[in-house]
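The following pair of complexes shares a single chain, chain A, combined with chain B in the former and chain C in the latter.
For the complex of A and B:
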């Protein structure tokens, strides 16, 4: 963390401190709508960062991270709805089960040498069959969905994750900040360097004494656990869960777009990515509505075109380009 | 003096082909040992068995009294055997220093200590000034030295070098010879090298082994081995020294 701070020059430090303060005091000035957009952005910062640890640092491409969001959300919601077990407690089994799924995927992939795109296919497969499975589990509502009752009287019960928009905003803010700090910490740790070595060249990493299997397992365990916590947030923020929505492939893609656009393998990439993409989506909705374009998918087409343009112009991500342009990185002597 | 590395009756077959046929030799602590032979003689297969990439079909390899044949490359490295690759494999997107830090972290948990050690190694190998370059930006001779630096940063007792001179010009070869001598003498690292460049082998090796068609045809001090008739006809005949 300290090294993250020290690696930036004065300008970078001022920019990060300013952004932090603006977000800290945003609820004072922001409208309810703006606050809901900011909450969504911070949620994507959090889950994007969790995915970034696995892909950006350890080089393992997961295209099924919706699996962990879904498991975290469903398990914590079911515990609350059926047994009255609050999310602060429910997060423990949610994380444990998501991590167990992560461990199963990791073990299958890393033990049996399922690498690269084939590993990605494995992650998709797990997310897909879990989705189909949840469609048929009556206990959690099946395809009809699971709902957390919204009771006015419970608002303010922060210990049950029942609260106002401002409450959820600060929750997302806290999670995003912790995710950034954790990434910064891991990136400068022994494990972080082992991940980079594996990402760059697995054979060479092994020749330098790195237990590749173990390091990759740690990556998938940390990433899946973190993502499951995001799922708990999602469940109690939105109060409704559908398998087709939570576990869908498109949710996995949505989750990884931020870090890809912002820059994988960087601490601030997923942050910038979320702050670029989520507002872009909102703006496109407003603009297409204003322009009277009602054709279905119009927004998605524009979104796709802009995405292509960004990736074409800054292929390594917005953050590396931005931090260099604005002179944030400290020149190492 | 007991042997640091002993290879006993080691053999490796690929389907019907015998790549390495009952090879035995020992490397004493502190020496520089060379394995030479024409292309296809089984040098790289032998090397890969010591490094843990391949498991031998027969025979045993022991390092400091511990059996290492059949172990994984990372386990072998953790015991103190570091290697370089014939075709260098730096971590391209990382800086030169970070490349070496990864090696230094094998036996160090503190980042600061690993970084200090990495810088010491870089200074020894004349790469200190290039420590902030991306590894992909280096020239081939520099990349070869980076590969060596990364291996040395793991504090090996034994260094395995797979054709570390290949692709170097004569002046660069002489420089590498000097560096390797320093590594052997000052850092006390035993070296086992597989090499084609006889100029380097003659300058460095205390003992050598000549392989031909997977079998050892000569063993001993370089000045004796190069006079061996079998060695001259099978290998040196085409390439005068």
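For the complex of A and C:
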């Protein structure tokens, strides 16, 4: 963490400190709507960072991260709705089960040498499989969805994740900050360097004596566990869960767009990506509504075009380009 | 009792041939250009709507409309490869993925805006006719569509085996450097290949409208389906794509009949995982050297 701070020059440090302070005091001035957008952004920073650890650092392209969001959300919500077990406790089995799924995918993939596109397809297959499965599990509402009831009397129970918009904002803020710090920490750890070695050249990494299987498994386990916590947040923030919404492939894609646009394998890439894409989506909705285009697909089309443009023009992501432009990066030897 | 089973299996085989044709397009692109076409299913859906419009507006039977649609898709594919996609050949997979996800999003939402989210049935005049063959009751449309799909596949096999261009494309797939050394215009061949891949999916989509209603949300589902089939069949193996298409068609039909239609793709994914683990090169794929 300290090394992350030291790696930035004065300008970068000021910018990060300013951004932190603005976000810390945002609820003082922000409207409810703005706060909800910021909460969404911070949520995407968090889950994007979780995915970034696996793809950006360890080089394993998962296209099924919605699986972990869905499992985390569903398990914690079901425990709360059916047994009254609060999310602070429910998060433990949620993370454990999501990590078990991650371990199963990782084990299958890494043990049997399923790589590249094949591995990505394996992750999609698991997510889709689980989606269809949840459609048919009556205990969690099946395709009809699972709902966390709104109870006026419980509103102040922050320990049960029942609270106001401001509460959820700070929760998302805390999670995002922790995720960024964890990424910075891991990036400079022994494990982080092993990941980079594997990402760049797996054979060479193995030749250097790195236990490739172990390092990749750790990446999947950390990433899936983190993402599951994001799922718990999602469940208690939105209070309604549908398999088609949580496990869908479009959800996995939505989750990874931020880090890809921002720059994978960087600490601030997922942050910038989320701060670019989410407001862009909101602006597009507002503009299409203003223009009187009542077409549900118009926003998505713009989105698709912007994606194509970004990947065409700045394939390594916006952050590396931006930090150089703004002179944030300390010159490396 | 046996006859019901037989009916289900035959129906699965007939549908599977269409799946196979669609997957064949993906396999050709994937095998030669080494590009992950994550917009494949979306192209299939666009073809479905094209056939739907041609039928509704001009009464053109999808079995005939298939030809102009495939031709148009070839041109689109050729142009797309020449302009946009060529820059992404050899780039990391996740970059190709994002580009084509962008294409997919644009396609599926354009269809959504033009036609709306509701299912559009083609309502062919002979949709409910069927053949009686002993205990078998087979829908005429499915037979026609399957025969047409087989014909397109045969034409494609012939093209790759017997024409100079086809041979040149196979050379690119087998040994890119060697192909470039002997003076093949790889860029142009890639564009032709991408065009052929999209022509396959155009033909498959046109045929698909005879047995399924057009819905925008089919796009991502067909993309996944095509990828599942290609990987089960074996990457770069054209026969593999067809065999795996049949396999998935039958497995879907059986799962829909025995358990629930909504759970049919679970079995496809289970098959996929089994193949990835037991035989990662796919059923008919060559073992990596």
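The working rule: the second predicted complex is superposed on the first by the 330 of 333 C-alpha atoms of A that agree within 3 Å, B and C clash if a C-alpha of one lies under 4 Å from a C-alpha of the other, contacts with A are read in each partner's own complex, and residues count from 1 in each chain.
Everything below uses one rule, namely that a contact is a pair of C-beta atoms (placed from the backbone, for glycine too) under 8 Å apart; a residue touches a chain by one contact, two chains touch by 3 or more.
Note that this is a predicted model, so its numbers are computed, not measured.
S.K.: If we overlay the two complexes on their shared chain A, which of chain B and chain C does A:308 touch? Say first, second, both or neither.
M.R.: Only chain C is touched by A:308; chain B is not.
S.K.: Compare chain B and chain C by how many residues of chain A each one touches, and report the one with more.
M.R.: For chain A, the partner with the higher number of touched residues is C.
S.K.: Once the structures are superposed on A, label A:211 by its partner contacts, choosing first (chain B), second (chain C), both or neither.
M.R.: The answer is first: A:211 touches chain B but not chain C.
S.K.: Of the two partner chains, chain B (first) and chain C (second), which one does A:197 touch, if any: first, second, both, or neither?
M.R.: First partner only.
S.K.: When the two structures are overlaid on chain A, which partner does A:189 contact: first (chain B), second (chain C), both, or neither?
M.R.: first
S.K.: With the two complexes superposed on chain A, say which partner A:92 touches: chain B (first), chain C (second), both, or neither.
M.R.: neither
S.K.: Quick check: in the complex, which residue numbers of chain A touch chain B?
M.R.: Per the stated touch rule, the residues are 188-190, 193-194, 196-197, 200-201, 203-212, 332.
S.K.: Which chain A residues qualify as touching chain C in the complex?
M.R.: 55, 61, 63, 108, 112-114, 116-118, 120-122, 124-126, 128-129, 132-133, 135-136, 143, 249-250, 253, 257, 260, 264, 295-298, 300-301, 303-305, 307-308, 311-312, 315
S.K.: For chain C, which residues count as touching chain A in their complex?
M.R.: 36, 84, 87, 91, 93-95, 97-99, 101-106, 108-110, 112-113, 117, 220, 224, 227-228, 231, 260, 262-263, 265-266, 269-270, 272-273, 276-277, 280
S.K.: Any idea which chain B residues touch chain A in the complex?
M.R.: 51, 72-74, 77-78, 82-83, 85, 89-94, 98, 101-103, 105-106, 109, 111, 114, 132, 150-151, 154
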